[in-house]
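Okay, here's the structure, questions in a sec.
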Amino acid sequence: MNTTEAPLRVAVLGARGKVGREICKAVEAVSDMTLVAEIDAGDPIERLVESGAQAVVDFTHPDVVMGNLQFCIENGIHAVVGTTGFDDERLARLGELLAASPETGVLIAANFSIGAILMMRFAAQAAPLFESVEIVELHHPTKADAPSGTAGRTAELIAAARREANSPAMPDATSQEIDGARGADVDGVRVHSVRVRGLVAHQEVILGGLGETLTIRHDSIDRAGFGPGVLAGLRAIEAHPGLTIGLEHFLDLP
Amino acid sequence: MNTTEAPLRVAVLGARGKVGREICKAVEAVSDMTLVAEIDAGDPIERLVESGAQAVVDFTHPDVVMGNLQFCIENGIHAVVGTTGFDDERLARLGELLAASPETGVLIAANFSIGAILMMRFAAQAAPLFESVEIVELHHPTKADAPSGTAGRTAELIAAARREANSPAMPDATSQEIDGARGADVDGVRVHSVRVRGLVAHQEVILGGLGETLTIRHDSIDRAGFGPGVLAGLRAIEAHPGLTIGLEHFLDLP
Amino acid sequence: MNTTEAPLRVAVLGARGKVGREICKAVEAVSDMTLVAEIDAGDPIERLVESGAQAVVDFTHPDVVMGNLQFCIENGIHAVVGTTGFDDERLARLGELLAASPETGVLIAANFSIGAILMMRFAAQAAPLFESVEIVELHHPTKADAPSGTAGRTAELIAAARREANSPAMPDATSQEIDGARGADVDGVRVHSVRVRGLVAHQEVILGGLGETLTIRHDSIDRAGFGPGVLAGLRAIEAHPGLTIGLEHFLDLP
Amino acid sequence: MNTTEAPLRVAVLGARGKVGREICKAVEAVSDMTLVAEIDAGDPIERLVESGAQAVVDFTHPDVVMGNLQFCIENGIHAVVGTTGFDDERLARLGELLAASPETGVLIAANFSIGAILMMRFAAQAAPLFESVEIVELHHPTKADAPSGTAGRTAELIAAARREANSPAMPDATSQEIDGARGADVDGVRVHSVRVRGLVAHQEVILGGLGETLTIRHDSIDRAGFGPGVLAGLRAIEAHPGLTIGLEHFLDLP
């Protein structure tokens, strides 16, 4: 970071939500940013302009995020967005809005955990170089879906990388199976979902070839884990006008 | 061990099989035993008596093991047996034979890996003290059955311990599942079977309660891992006349 | 638990401390106990009697705990104590007090995490059955001491178990070492201390013999992990009059 | 691979060594190569030409490898080399020889394990994105050096990546340490060396930031693990004339 520059003026939308509060803390904890506004449902969005915010972080709700972003883009305020619910139509609409404000940047990311992003990226890169790849994801037992969204996405990335490389089918001689033992088949990749009290959110990708295995494991135990990723997004957003999908494009990776 | 005593005279039946060869090496490598006979299919079993064997190790075949044991018991030779296929009828027959030779000991064990035995024992002891228990077993992809026999047996021991302690059902809020994601249900315990090239035989039991997890993992990478368990069986067999099922009864555990 | 009995009346001393607050929540969350008093510095201890407490949990301070316990014992109130600082003199004094109130029970425990207690117990039991044992403990980087207290205690238990069993020295052919690579030597057991942001409190005991390893790992991510252990102490305290050191004596283990 | 081409004609130098034998098996097991010569100490190297070898694999000895390579290069035979002992002088000499045979390729690699190469690469890429990075390497207890060569190399790559990114020093509040607990300091990166019977060669790189950790683990249990890397080298060598240091340059990574 360039320490001679003035701190970036940041506002948080959804500032009283669980994630929003962590983001506020993270922004306040670093010296190259200033938290200038904490806005939540009921607060007038015009406060963004009054506060002189240069960039916002939006962890709100699919119902309000498009209005928030229209206001930001029209006022030349960059946005780092963790809210979900963007379909092709919404992305097209954002593209139009941004075309009229060509210096403004919007980053939309499904995951701000740097560890999770790298786990997916490394798993996909390594997948064609090994005979076998399986995923074990482990979560608290109050989770409704199995596998997790991250595990499903990881499996798709692995499958795509192997198709591209013409990787052969993975070896599996299972002929006697108690139903479910071999996990779910997601695009040809086996995914196993463990649910145990005391866990939070964990995932292991196990890749193996003759005589060796490579395991890439991500452990996330706290919403605070989103902080560094959001800060990375804020630090890079000015240099990336237009629409970016996925924080990985802002990380300095080869 | 009492170093003033003469070394125990040991013979190996099935000495040219994969496990048998490792057992021969293990016996030869220690100073309190002497390997006096290596016998395999086609060799006359009378060589046991000629060699002066005090104890045999039998890793042969269900078709021949009963004949081997009858010969051993009638000649007062102790036996440590890893061969499979013992049903109630066979065990009853061994009981009759041993009744007529009351100083002879026979140990029959499904598993001579000390690590696997302890994993199962500790898992069963701990299971009633946690809300959740699941099993992940990981093996090479040429394995035919899923889950592994060890995983199935571990699940049964866990289930029995929890029933005895009146443990409540494990928490699991899964409502949306891709088929198989939550693994196989073995006696109420979820078991996940990973098959990846480069693995040998591994198992993890994950136990969890509020804010903490306890994981017991066994990694077996070599048949040589049976050696220490067989030696422990040989060292204890003289002091345990009659029939013993399971090496755990010979290990010095509270 | 016997559901026909009235709920146990529990008071918490140190109720506004970090651990105390979790204990209050844990007591309130179960149906076989009632939280009758939350007491902290400045509150009159006589409220214990007024509240009708049958048992207290004390997570206070070495300076006040002896006074608290004298009051409890003299009033026939059982105590489950997580406060530190008990030396031989203090334990002797508690013995005298309890002799005069023979139906009252006091449990003093350094660790209420059931997972940590089992990790130590299993590690000590298994240690004489393997050639090698090492400890890797992993904590957040704001921790002042290395190794952790739990790792030091685990190493001592392992060393004692191996001495008792006349286990030989562990194999180690290291002849070229960068200073510190092989960890700290605690009573002959190697202990490695990892300090990484994002970790909380974790420990792995790795035991190995020919061809196999057994790993016992404890992960603690939340003070709430003390809750189940404290509840177990409360449930058993009435049946254990006198002084007990260590929660393990109350857990139903062989 | 292009299945319409004739199989690559491969010779192995050091064919009766431990690694050499595994390489011979690996070459024989695939359909796009033919093993045309197995050469070891005492065999005339001219057999390479007679056999029509297009590429050799050299796992021999520093004393003979330069002679082997001179012969190969002068005869236009590509070489994939796992033998050690190449200093700047030797590399310069190879450069001269290759200048005179511009279509011949020589690959020199310290490590043919694809898993180990990826572990090092991913660790170095991720290191600047996290606050903390430490290495735990685990090996059999007959190993002489601690840390392992791979761990030392990994630490250097991590340190270089963090210097380049101006990463701040890692957090570490340790103020009370039993000597060695915090491991060896290799270029500012802490490395812990575990030595336990039953292990082979394993390494874990643990990276952590607020609320999350990323762990990259490599397990190598068999020399056969070199096979796929050597085959990858053989398949790519024709397309890479000149001198290449490190198999990573041949793997299809972004």
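Note that the chains take the letters A, B, C and D in the order they are written out, and that residue 1 is the start of every chain.
Everything below uses one rule, namely that contacts are C-beta pairs under 8 Å (C-beta built on N, C-alpha and C of every residue); 3 or more make two chains touch, one makes a residue touch a chain.
Keep in mind it's a predicted model, so treat the numbers as computed, not measured.
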- Between chain C and chain D, which partner chains are common? A, B
- Query: When every step has to jump to a touching chain, what is the lowest number of steps that links chain A to chain C?
  - Reply: 1
- How would the chain A/chain D interface be labelled, same or different, where same requires over half of its residue numbers to be shared? same
- Query: So which chain is the furthest away from chain D, centre to centre on CA atoms?
  - Reply: C
- Note on the structure: Quick note, more Cb pairs in contact for B-D or B-C? It is B-C
- Can you check how far apart chain A and chain B are, centre to centre, with Cα atoms defining each centre and the answer in Å? 46
- Distance between the centres, which are taken as Cα means, of chain C and chain B, whole angstrom: 34
- Between chain B and chain D, what is the gap in Å from one C-alpha centre to the other? 39
- Note on the structure: Residues in chain B with touches to at least two other chains are numbered 130, 198, 207, 209-213, 219, 221, 225
- Given the complex with chain A, which residues does chain D contribute to the contact? 26, 113-116, 118-119, 122, 125-126, 128-130, 165, 207, 209-228, 251-254
- Query: Can you name the residues of chain A that touch chain C in the complex?
  - Reply: 198, 200, 219, 221, 225
- Task: Would you tell me which residues of chain D are touching chain C in their complex?
- Result: 130-134, 136, 138, 141-147, 152, 170-186, 190-199, 206-213
